[in-house]
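In what comes next, subunit A is part of two complexes: it sits with subunit B in the first one and with subunit C in the second one.
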Partner chain A sequence: MNLLVLPILVPLFTALLVALLNGRGMLQKVVSLGSCLWLTGFVFWLLLHVDKSGIESMCFGGWEAPFGIVFVADRLACIMLCLSMLVGTVVLVYTFWTVTDIQQKYFFYPLFQIVLLGVNWSFLSGDLFNLFVAYEVMLVGSYGMMMVGANRGQVLQTMKYIAINTIGSTLFVVGCGLLYATVGTLNFADLAQKTATLSGSRAGLVTAISMVLLVVFAMKTATFPLFFWLPDSYPVVPAGVSGYFAGLLTKVGVYSLLRVFIMVFRQDGHVFSINVLLVLSGFTMLLGVLGAMCQWDIRRILSWHIISQVGYMVMGVGLAANPMIAEVAIAGTIFYIVHHIIVKSSLFLIGGIAERVSGTQEIRKMGGLLDMAPGVALLFIVASLSLAGMPPFSGFLCKLVLIRAGLTGGNYLIVFVALVTGFLTLYSMTKIWSYAFWRNQCHKVVGFNYRGMMAPTAILVVMTILMGLYAQPFLSLGQRAARSVLDPQGYIAAVLGSGDEEPVADTPLEVSEPSRDPMRLVCGQPKEHRR
Partner chain B sequence: MNNSPILRTVVRVAVPITIIVSLRIFFQGHSQPGGGFIAGVLVAAAGAMYLLGFGIERAARWAWWKISVIGLLVSVFTGTVPLLLGRSFMDHAVWQRHLPVMGDIHLSSAILFDVGVYLIVFGTLMTIFVELGQEGR
Partner chain C sequence: MELLIAIVIGVLFGGGTYLILRPSLIRVVMGLALYSNAANLVMIACGGYSPDRTAPFVNSDTNSISTLMDPLPPDFILTAIVISFAVNALFLTTCYFVYLDHGTDDPGQLPVNKLKVENDFVE
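Entry: the complex of A and B
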């Protein structure tokens, strides 16, 4: 389906158009918002279409699959696209109130579209090298975004961010080269087919190469021990846009982990790399939350929480090493990604409002926000309880699914770490609440009209309540997505075509009777699975 | 250095030659070494010579980055046309004719894409030259 190119083509055209309109702020806003809204509609339609009638793919310039560039939209990619555009649109509306003249002059709106372009591109890429290119586009956009209207602190942190990402990109290319030399292809579908037949020393070689890619993705997701860059660099991103960065950019890494380590690498002994991920995830969760506990800057606290939350998602990927719980673990991970993108973005947006209202980033200097801005306090308490995993919000359910999977698979240690992390997250959120919101007002009020910023933030907060109370459709969608990631036959058929069959022959998803109830994920496995 | 008559005389001769060479390299790029990127760099070199010889003030008033944006628009648009015609993105068409004077002509729609690249490279490099050149003032 040729329309698959739209999620990158529309932001690209918009970026160029908006760049030419530089200096006419109102027109730039209208054009960006129009294109974002339209594209959001399109990707939601795409999700419904792919969910109903199977995986779609397209080739660039008519070059057929293993040789040319392919875009593939399966359920997982579509879910990620929807989140990217949803959060992108919300953040765009939010920035209308925060963007400064100097930022507008230095191409704020075009850069935002370029970031969207890179993120959408990485979800649609059908081969490893194209994923690398998408990463680069995303990074170039984010470098620009961090530097926009630069002051001293921004330049300093951006230099670090560029340095670490350049190392990551170099390793990525090295990994691509090694893999191509060993297996002879970089197309995901082709790789999934070929690695499945590998065994012996060549399989070991591929596992070794996958470690190079593991380092790259660990850097991207901010997994232990490569998380140190994140809490320094995210706080300098312009307010609002940091919500998009926090939500999406690390999750591109988690998506790549799912795609590459679960779907593509299927050689003998690929479980090794997944087990490595499980170990790393434990350290990531714990160290992330411990880092958050000793911070006093609201943006830095939230940035450290990204790290610990990424730990949960990587844990879900790691639990997939056990084939008995793989489907539940991956479904839980996907649900967790959805929850986390929405909640973390909304927390950053709320943090931005709190900063504006109180005129400082330091929570010890804030105070009295409950009186000054009760609506913001309400949004914050919902989002933070959801992040910490309190019922009835979405954070509770997705942690429950993952912990349930861990207990079924007998990974008691990681479950313990996850529970402790959840508890400490709650502590850290309580700290923000009691210092910034609950205390008496301890400094002068900075008059600031925050009402316009509330509306887009509220959309995200309502989403997390909705996902908690009405979880079944989301869970079952996650489960269907997990199934097509774990069994790539449909993906391979859609990309390469299977012999004389029609290429669209995605395995029809007749949901078998016991799994028709998605709450099975929460309430436990049928007996025969446990054995 | 701006007032050196020797430099100015050389620049007056060298700039047109460089531009013609860059066009030659641009058009041979379809099947031989060359193409939009190298040709764009060459024109930018001509631009740099002009800046050295005649000063930066007049050039600094232009928004050179707009050339890159227009170039990118041309490139992306070339890729999009096949999409509108119901073929895949970035597909291209070839046009071959025998003309009376010019002989065999082989034109590919990919040349428009390369025009875009040419403009992007030229615009970007000129922006860099002008911005960095103003820095010291």
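Entry: the complex of A and C
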């Protein structure tokens, strides 16, 4: 389906058009918003279409799949695309109130479209090298975004960010080269087919190469040993855009982990690399939340929380080592990604409002926000309780699915770490609440009209409530996505299939089968199924 | 040939690491440039380069596959070269502005962790 190229073509042409319109702020806003809204509609349609009639793929220039560049939209990719465009649109509306003249003059809106382009591209890529190129586009966009209208601090932090990511890209190229030399292809579908038949020393070699790629993705996701760059760089991004960065950029890494380590690497002994992920996730969760506890800048606290939350998602990927719980664990991970992108973006947007209302970044100097901005306080308490995993909201359900999967698989240690992390997250959120919102006012009043920024933030917060109260459709969608990631036959058929226009149907789904239903697994099996 | 390329890759990665660890931003940029070249050489080695193989499709009479080189790795390398060129240019510019701002290019002297993150609206 040729329409698959739209999620990258539309931001590309919007970026060019908006760059030409530089100096006409109003027109730039209208054009960017129009294209974002249109594309959001399109990707939601694509999700429904792919969910109903199977995986879509497209070969560029008619070069057939294992040789040419291929775009593939399966359920996982479509879910990520929807989130990217939804959060992108919300953040764009939010930035209408926060963008400064100097940022607008130095191509703020075109750069934002470039970031969207890179993120969408990485979700659609059907081969490893294309994923690398998408990463680079996304990163170059984010370098620009961090430095737009920059001051001294921003340039300095961006320099660190560029250096660490350049090293990551080098390793990515090395990993691609070694994998190509070993297996002879970089196409995901072809790799999934070929690695499944590997055994012996070849399989060991592929596992070793997967460790190179693990370093790359760990750098992108900010997993345990490689998270140090994140808390410094995200707080310097302009307030609204940091919501998009926080939500999407690290999740591109988690998506790549799911795609590459669960779907593509299926050689003998691939369980080893998944187990490595499980171990790393424990450290990531715990160290991330401990880092958050000793910070005082609101967006820096939230940045450390990204690290600990990424730990949960990586834990879900790691739990998939056990085939008995793999499907529930991956479904839980996908649900967690959806929840996290929405909640973390909304928290960053709220943090941006709090900074503007109080004129400071440090929560010790804030205070009194509950009186000054009660609406913001309401949004914050909902989003932060959801992040910590309190019952009525989506954070509770996705943690429940993952922890239940861990208990069923017997991974008690990691479940313990996850629960402790959830508790400490609650502590850290309470700290922000009691310092910034509950205390007496201790700063001068900044006459700032924040109401315009509330509406886009509220959309995201309402979504986390809805996802908590009405979770079944999201969970079963996550489960269907998980099934097609774990069993890539449908993906392989759609990409490498007959090659003509005949749509290749996905494996038929039996959604209503009770024992494979994640909610059933969460709420307990019927008695006769228990051992 | 593979041994030679392997040695060159090793030297480039070693030199790059040495330069990145020097207390000077310009050397860090050069080290990263060496890294990207080393990565490109890995690609060449992985594509099975040897002097007695020719480019495919040029002399169509030599239709024996064993004398042809795989065309895909050079494609990857071209893409990677373009990207690393752009990123290095951007990085060099950033380092120059850091030098202008702080009057030093020694990362140890830069207030990397001390400087408060100033945002556009905080006075």
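In this text, the second predicted complex is superposed on the first by the 511 of 531 C-alpha atoms of A that agree within 3 Å, B and C clash if a C-alpha of one lies under 4 Å from a C-alpha of the other, contacts with A are read in each partner's own complex, and residues count from 1 in each chain.
Quick note on the criterion: contacts are C-beta pairs under 8 Å (C-beta built on N, C-alpha and C of every residue); 3 or more make two chains touch, one makes a residue touch a chain.
Please read these numbers as outputs of a predicted model, since none were measured by experiment.
Once the complexes are laid over each other on subunit A, subunit B and subunit C both fit without any clash. After overlaying the two complexes on the shared chain, residue contacts for A:L16 are found with subunit B alone; subunit C is out of touch. A simple residue count on subunit A separates subunit B from subunit C, and the partner touching more is C.
Of the two partner chains placed by the overlay, only subunit B lies in contact with A:N2; subunit C stays clear of it. Seen from the CA centre of subunit A, the centres of subunit B and subunit C span an angle of about 40°, rounded to a multiple of 10.
Within the superposed three-chain model, A:L407 lies out of touch with both subunit B and subunit C [touch as defined at top]. By the touch criterion stated above, A:Q157 is placed in contact with subunit C alone, subunit B being left untouched. Shared-chain residue A:T170: touches subunit C; no touch with subunit B. Using the contact criterion defined above for the overlaid structures, shared-chain residue A:G62 touches subunit B, although it does not reach subunit C. The gap separating subunit B from subunit C at its narrowest, counted between C-alpha atoms of the superposed chains, is 10 angstrom.
Only residues 67, 100, 102-103, 129, 132-133, 136, 139-140, 143, 147, 149, 151-160, 162-163, 166-167, 169-171, 173-174, 176-178, 180-181, 232, 235-236, 238-239, 297, 300, 355-356, 359-361 of subunit A touch subunit C when the two sit together in their complex.
For subunit C in complex with subunit A, the residues that touch the partner chain are 20, 25, 28, 32, 35-36, 38-40, 42-43, 45-48, 72-73, 76, 79-80, 83-84, 86-88, 90-91, 94-95, 97-98, 101-102, 110-113, 115-123.
Interface of subunit A with subunit B (complex): residues 2, 5, 9, 12-13, 16, 19-20, 58-62.
Those residues of subunit B that touch subunit A in the complex are listed here as 65-66, 69-70, 72-73, 76, 80, 83, 86-92.
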